[in-house]
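Sharing a structure with you now.
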Amino acid sequence: MDWSWLPEYLPRFAEGLWLTLQLLFWSILIGMSLAIPIGLVQVTGPRPLAWLARAFTTVIRGTPLLIQLWLIYYGVGSLFPSIPGIRESFLWPVLRDAFPYAVLAFSLSVAGYEGEIMRGAFRGVPKGELEAARAIGMSPFQVLRRVWLPRALQNTFPTLTGEFILTLKATPLAATITVFEVYGIGSIVRQETYKIYEPLLFVAAIYLCLTGILVLGFRYLENRIPKQSRS
Amino acid sequence: MKLKSILGTVAALALTATAATAEIKIGFAAEAYPPFTAKNAAGEWEGFEVDLKNALCAAMEEECVVVDVAWDGIIPALLAGKIDAIVASMSITAERMETINFSDKYYNTPAVLVAPKSMDIGPDSLAGKIVGVQVSTIHQNYAEKHFDGTEIKTYSTFDEHNQDLTAGRVDAVVGDSIAFADYLASAPDMEVKAELNDEEVFGPGVGVGMRKEDTELAAKFNAAIKQIREDGTYDAIGKKFFDFDIYGG
Amino acid sequence: MENALELLALSPPGWGGNLLRGLWSTFQIALGAYALGLALGLFGAFGKIYGGPVLRGALTVYTTVIRAVPELVLILLLYYLGTDLLNMALTSMGFERMDISGLWAGIYVIGFVQGAYSTEVLRGAFLAVPFGQIEAARAIGMSAFKSHWRIILPAMIPFALPGLANLWLIATKETALLAVVGFSELALETKQAAGATKSYFMFYMAAAVLYLALSLASTGVFALIERHFRRGQPSQS
């Protein structure tokens, strides 16, 4: 196997890795911020909002992420010419770069899948605990912040971390909309050197390491969270 | 029991694969490139290169079958034996010649820079701008060689960078003048800013890509190209699509 | 709006026919890959449960690597590696090289990936079968094979169904990744149609609708299957 190309491309792989990590970080942050209300509203109501949340998670989970990505980048992009003055607006630097679209698509995906998980998580918190919190005089918001949400997150933490790893595995799709993260750089190497296996194996190895680090990190966090005792 | 099921699976796999007979597998880029190759609404390939391929195969008296391969994986696919020849508007360049062999050219058209009419830019005034090119092409090589201080965005298909030009995400694109015809017809606010020349980067023209060891196949293709040029088939096909001689100088 | 209907028409010059053909390809690839994945999963699950340390080690490597590396990278690797290995084996045995057509390559590649996930689902389902049932089967003298075929496998099904239903949905959506490699299925057909007509937004929406229809129909079918297999069991929430 020929690895002579590696030293030349290593800096670009570092850049790609940084992009991957940024994608992962922002998608999880924004996605979870959306997932929590989406899951919560399906348990508490009101009905119309709950129905909307349900429709959202169904659509996100029922369509491939690649199609969602293309729809958001190329589909929305194709609407730009019909909006006059858009290039002069202050939003233009954000609208013209591909990275925000990737973050948007991945965030919506995280919101959809994790919203479904949060729904089950909120349901799974024993009602007795919530009632007790109300009984000692906490406002509904305080109950949410101090009891319901932490409990829900505790219970589903292993599942959530599994899903975050799946989000990492979805990041290569960003390369199809010109965001050159690790896999994208690997593609560039493949095209410029015509090598078939070496770049792919290198990229696979990078992901193996990344996943390993994330799994270890999450397991460490898991051990620090007190588990819900079986009552 | 497990060994039997493994053997059974292999046998099933063998049945599903088609044995590599004497037919030539022609690789088309999966993404359409009108007017050279395009998929019509019935799902069939049509275009200048499609008719040319048919004429060449008839002249060689060989059976040809078309295999779609993504453009950015088409040379690896050739090297791995998935296809035997690339007929995908691939230009003959010294860089590619290090890895694969080419037939004689079968057409040559200039590359151009395209940008919105409202923008007053040319090949010399691209500093600080964003230029879109298709990945793994002579157009990318030209842009990287000549456009200093310009951000070069690579796209996996010709169509995608045109899309982003319309959307305004890139300021200009570089590509083949003929391939742009379709796009320019539908985008009245875009125009050709300049024709680009660099013999070294662009090479003599477009040829059929083959593996280096397939010298016999190369000879066959060259003979076929010569034949259809001489007996008028080439001109007849060219007239269907273009009102000038696409063979080039 | 009439323009949209024209473009989506089922016969040329409308592209609707192409999209539906792509959907059919997607369905076929997903079905084949799912079946292959189940077969590999059964082998893997029982291998992990009953196998010796070498087999279990190899299977752990298989499931770990597949679940840690992105599908896109795996698809590319498996496609080239698989056909190269097959051809090496064939040429060393004296046969001619073979080329695997796009449909079957897609099935093989996605099926291989599904196998790793199926292994875990089926293994979990096996471990969930109450041991008492297995003991009882042995006690009345059933051979290992009979006790598996008559008791354990049927008991595994209700536990495996939610995971298997999820895997089917994953398979149908994963076929879209084949578009990046150039295999013809719904995502690639959509990209080509959108590119040819410049109606990107509409075609990607149409594709989303088609995938969603497939997902909803599949979910309905699995709900029926689950109801059938869960009959007689205490109801679960």
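Lettered A, B and C in written order, each chain numbered from 1.
By definition in this document, a contact is a pair of C-beta atoms (placed from the backbone, for glycine too) under 8 Å apart; a residue touches a chain by one contact, two chains touch by 3 or more.
Keep in mind that what you see is a predicted model, and the values were worked out from it rather than measured.
Participant: Taking contacts as defined above, which has more of them, A-B or B-C?
Facilitator: It is B-C, judged by the count of C-beta pairs in contact.
Participant: Please indicate which chain is farthest from subunit C, where distance is taken between mean Cα coordinates of the chains.
Facilitator: The most distant chain relative to subunit C turns out to be B.
Participant: I'd like the Å distance between the centres of subunit A and subunit C, where a centre is the mean of that chain's Cα atoms.
Facilitator: Going by mean C-alpha positions, subunit A sits 23 Å from subunit C.
Participant: Taking the mean of the CA coordinates per chain, how far is subunit A from subunit B in Å?
Facilitator: Those two chain centres are 36 Å apart.
Participant: Calculate how many whole Å lie between the centre of subunit B and the centre of subunit C, each centre taken as the average of the chain's C-alpha atoms.
Facilitator: Chain centres of subunit B and subunit C, defined by C-alpha means, are spaced 34 Å apart.
Participant: Which positions in subunit C touch two or more other chains at once?
Facilitator: 76, 80, 180, 191, 198, 200
Participant: List, in ascending order, every residue of subunit A touching at least 2 other chains.
Facilitator: 74, 77-78, 176, 196, in rising order.
Participant: Touching at least two other chains at once: which residues of subunit B meet that condition?
Facilitator: Correct list: 73, 76, 80, 160, 163.
Participant: Would you mind writing out the residues of subunit A in touch with subunit C in their complex?
Facilitator: Going by the criterion above, the answer is residues 58-59, 61-68, 70-71, 74-79, 165, 168-173, 176, 183, 186, 196-197, 200-201, 203-204, 207-208, 211-212.
Participant: Sort out for me which residues of subunit C touch subunit B in the complex.
Facilitator: Touching subunit B from subunit C are residues 11-15, 17-18, 21, 39, 43, 76, 80, 83-84, 86-87, 96-102, 104, 108, 180-184, 188-189, 191-193, 195-196, 198, 200.
Participant: For subunit B, which residues are in contact with subunit C within the complex?
Facilitator: Touching subunit C from subunit B are residues 2, 5, 9, 13-14, 16-20, 25, 30-32, 34, 38-43, 68-70, 73, 76, 80-82, 157, 159-160, 163, 186.
Participant: Spell out the part of subunit B that touches subunit A in their complex, as residue ranges.
Facilitator: Those residues of subunit B that touch subunit A are 72-73, 75-76, 79-80, 99, 130, 135-136, 153-156, 160, 163-164, 166-169.
Participant: Going by the contact rule set out above, which residues of subunit A touch subunit B in the complex?
Facilitator: Touching subunit B from subunit A are residues 74, 77-78, 80-81, 86-87, 92, 95-98, 176, 178, 187-188, 190-192, 194-196.
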